[in-house]
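A, B, C and D are the chain letters, set down in written order, and residue numbers restart from 1 in every chain.
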Amino acid sequence: MNRLSIELPGLNLKNPIMPASGCFGFGREYSQFYDLSVLGAIMIKATTVEPRFGNATPRVAETSAGMLNAIGLQNPGLKKVLSEELPFLSQYDVPIIANVAGSLEEDYVEVAREISKAPNVHALELNISCPNVKTGGIAFGTIPEIAKQLTRKVKEVSEVPVYVKLSPNVTNIVEMAKAVEAGGADGLTMINTLIGMRLDLKTGKPILANRTGGLSGPAIKPVAIRMIHEVSQAVEIPIIGMGGVETAGDVIEYFYAGASAVAVGTANFVDPFVCPTIIEELPELLEKLGFEHISECTGRSWKENGQLAYNRA
Amino acid sequence: MNRLSIELPGLNLKNPIMPASGCFGFGREYSQFYDLSVLGAIMIKATTVEPRFGNATPRVAETSAGMLNAIGLQNPGLKKVLSEELPFLSQYDVPIIANVAGSLEEDYVEVAREISKAPNVHALELNISCPNVKTGGIAFGTIPEIAKQLTRKVKEVSEVPVYVKLSPNVTNIVEMAKAVEAGGADGLTMINTLIGMRLDLKTGKPILANRTGGLSGPAIKPVAIRMIHEVSQAVEIPIIGMGGVETAGDVIEYFYAGASAVAVGTANFVDPFVCPTIIEELPELLEKLGFEHISECTGRSWKENGQLAYNRA
Amino acid sequence: MIQKELCKILSQKEIASDIYELTINGELVSQITSPGQFVHIKVSNGLDPLLRRPISISSYDFEQKSLTMIYRKDGRGTSMLAELRPGMFVDILGPLGNGFSVDEISIGDTVLLVGGGIGVPPLYELSNQLVEKGVKVIHVLGFQTASAVFYEEEFLKNGETYVTTVDGSYGIKGFVTDVMKELQFDCIYTCGPTLMLRAIEQNYSDKKVFLSLEERMGCGIGACFACVCKKKDDPTGVSYKKVCSDGPVFRAGEVLI
Amino acid sequence: MIQKELCKILSQKEIASDIYELTINGELVSQITSPGQFVHIKVSNGLDPLLRRPISISSYDFEQKSLTMIYRKDGRGTSMLAELRPGMFVDILGPLGNGFSVDEISIGDTVLLVGGGIGVPPLYELSNQLVEKGVKVIHVLGFQTASAVFYEEEFLKNGETYVTTVDGSYGIKGFVTDVMKELQFDCIYTCGPTLMLRAIEQNYSDKKVFLSLEERMGCGIGACFACVCKKKDDPTGVSYKKVCSDGPVFRAGEVLI
């Protein structure tokens, strides 16, 4: 029996573990380390219509149990992702979740329309929450009405289910989640990074050229768990959780909170083998905890018992 | 020369280091370890009109480079704070900043009026941001208009300057800061804790009896630095910064961001001597960095040069 | 006086499955006032893990300035503690709290010491001091299973000792409360899981009972209000005791458990 | 192939003020393809610090399967690295990046190796390999002050070596660029502070110059886009190179520095 299989809108996952967007490029580098087909899915780097260079360097800074990044959505642009990156990934037996970004609504819509046609793209992840770009991104991620409308527009053109990635930098995450659900989102991914900053002791200036950056890593896990705990009780659509996942235990904690799958970001930089290691360790941990199937864990922090209808494969 | 003296509304500080509210009780316990007169000030535990027991236990949970707490404003009530705790503290040559909390506007007003009359209370810290109580607290801390009105009401009755403690759990911290400034706040203290949660792997349930708690410690420092960096450029009133301060270097980073004094919370639990140690190490660090006086550091991350008018003693 | 000190590790050994006995040397030993006090340990230098870990003092020696703890390797902190080797130093805050009072016991009394699992250790120094005073002690020590049993011989030297295991793989099958029913005594000192303490408190309301409690802690010294419990005579009110500084040992009936 | 391996520390010593030489043993040494590659080190097991630290390989030995690094103890990570002792293990990812090409140099050429401070180490293996090949090498090594100088003798064995210090407390007072003016050579290999690299690139646009760059890194393997630099022929466009996987060594004129 496969204790790890999970079925989500558009995604037939052999296991619920996937690298998070922006932390795995388009898979090429990590394919040196292991067969990408072991992964549940891959969330590829944010794609915009046009190629982008992103922000000036330094683009990363370390923090206590976390890191800041301000990559600035660097990516080769829609055309190249379609002609080079997705075909490269098609050699692996793994569904791709395409992270869609832009500055204007039209940009999102165009990327979504085109990229959702790629045969190995099984779902979109609408990145309405990138804290590192001046226009677009963050505004879409903090105003419920705008987020809802964008979701609706993208849903109209997408050929695959649409997940919306929520920003934690809001007063009321439940309101945001409900808005995008009302806009037709098939699922949620959360959380994106918290906005943070570090200053250089010697110069007094921000370490990041962009000044602020997105905080990721174990430091943000309790914030993510809290938000998923709240949101999963308020919406009917499934959640892919992320933020500081490093171990099989972290994955279970996310499921308990209400997630139906989990993405791993920053931890890939520390240990390139982290995803396959977690996948390997999960069955044993489930055994130890007395679960037959990982889907039994979803929402356990707030449910008496039982499973969500959609997430058992 | 005293390189560390700082003057803020109501506060003539021999140094800008003070224990943060809720992390130092009313000073009794730490007075076993050192003479409290070495401190710049003391922020005492939140005081409400009536005595409160607070939340059920467990009330704390550890996280990566941080901790969650859900004490729930346990305190002996206004009367006892006035008759026992403040008199105890009056034996030390140290100004007290009284943390004022409540459920209703009237509660805040009553505590503020009475406690501001105590001779050793030199300033109030309006706790509009406690995430761990069901009523009051958090609402005051997330809606600008309500925060502004509360500030105004408290200002009307307080005999000492009023600092308002901001919650980081908002979409727009600058808006909140400007609102309380418009309400008459003499200063800001920031940040309070981020709302977070941890789940127990064995039970699947939250570790904290209150389910959610406030995240403090080094994990949240980059969020605090970012917020102080933004707010200090948008308001004219001084900021007492806090969140994960453990070392003299952290203090300087807060000053660079825009703080004029710094509070130390969680770190007291790890090292009861952390405040005097930082105070001792600061002059040497200033020397090494080439500053004559710590006030020169304030806002260096965004200022070309020069000092803020109010913060050199 | 509570001290914070870098203490040298004299020995560390695994005495049962995942149970470690750690002995350290430090000036703070001279400050211990009673068995049942505890220390708060920073198991690593850095931020991982952040908080200290409370561990009971299981025995101490004023002359050698040494104290011994027995702990279960469980989560991140205790796992890292178990990695430390003799000669290394560990940051200890202590002694903390109020331990078991031995003054209220008279020579000739029979005292029952009841420990459950990792609640057994603080009873060891207590047993030693009671025996030294001329008090008769009987020990009832409960464990999950055979591989978790420790210190049976040490306790045996001080007096009658019953060992129970939940699965019956060693000693008497069952719970400590099963054994207690068969015994005669004047007074109980106990430490262990809350369910066990609650049962003992209920069953022996006629006897003098001292209980040592556990609670998640922040500061360990009474400042953060993490570890409070309600007073029994004011269950809905605001009266409280702090486990770290008022306890960890309370008289039965004093606090709600 | 990049490997991730727990490597055994063979030796660690302070060879100048706050400058450490660390030699480790590991299978991944066999994967090194050129001098100037680097490794990415996790200095501790836990989360503190979180990220790996990039450090150049200063020399290696295929037979012993050993490699040596020289680093400055500076922030949290390198300070913890400096605490490690022989016999301990350290988690290393590597070898990473593309090093200095020695193939383009012909026997009889004179090559200038110019290092600034902690940019000196990767030039050492390069020097060894060039000498072995029969190429004449001249070294110009710049340091802040006398106490920071290291490896002068090692470089001297391979050829002419000029040491400069900014404060004149050792060797020639001034910068490496001052010394370079006086020398004759065909080609430059350099590693050091950006200002130094920029000056060299500008002054010697007529010569073949190889530069080794530094940039803050996340993954170290090309996946995170933390370490990109613009291509010189497209300064406002979107062309880029990654320091970690395309570099750290670039040909002058290739990227904007």
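By our rule, contacts are C-beta pairs under 8 Å (C-beta built on N, C-alpha and C of every residue); 3 or more make two chains touch, one makes a residue touch a chain.
According to UniProt, the chain labels map to these proteins: A, B = Dihydroorotate dehydrogenase; C, D = Dihydroorotate dehydrogenase B (NAD(+)), electron transfer subunit.
All values reported here derive from a predicted model rather than from experimental measurement.
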item: B-D compared against A-D, more contacting pairs; value: A-D
item: Chain at maximum distance from chain C, centres defined as averaged CA atoms; value: D
item: Distance from the mean Cα position of chain D to that of chain C, given in whole angstrom; value: 55
item: Separation of mean Cα positions, chain D and chain B [Å, integer]; value: 46
item: Chain A and chain D: spacing of chain centres that average the CA atoms, whole Å; value: 36
item: Sequence positions of chain A contacting 2 or more other chains; value: 63-66, 217-218
item: Residues of chain D touching at least two other chains; value: 47-49
item: Chain-level touch network, classified as line, ring, star, complete or other; value: complete
item: Sites on chain B touched by chain D in the complex; value: 64-65
item: Sites on chain A touched by chain D in the complex; value: 22-25, 28-30, 32-33, 45, 51-54, 57-67, 69, 71, 74, 76-77, 207, 217-218, 266, 268-273
item: Residues of chain A that touch chain B when the two form their complex; value: 63-66, 68, 142, 169-171, 194-199, 201-202, 204-206, 211-212, 215, 217-223, 225-226, 229, 244, 249, 252-253, 256-257, 289, 297, 300-301
item: Complex interface listing, chain C residues touching chain A; value: 47-48
item: Chain D residues touching chain A - in the complex, by the definition given at the top; value: 1-2, 4, 42, 47-52, 93, 215-230, 237-238, 240, 245
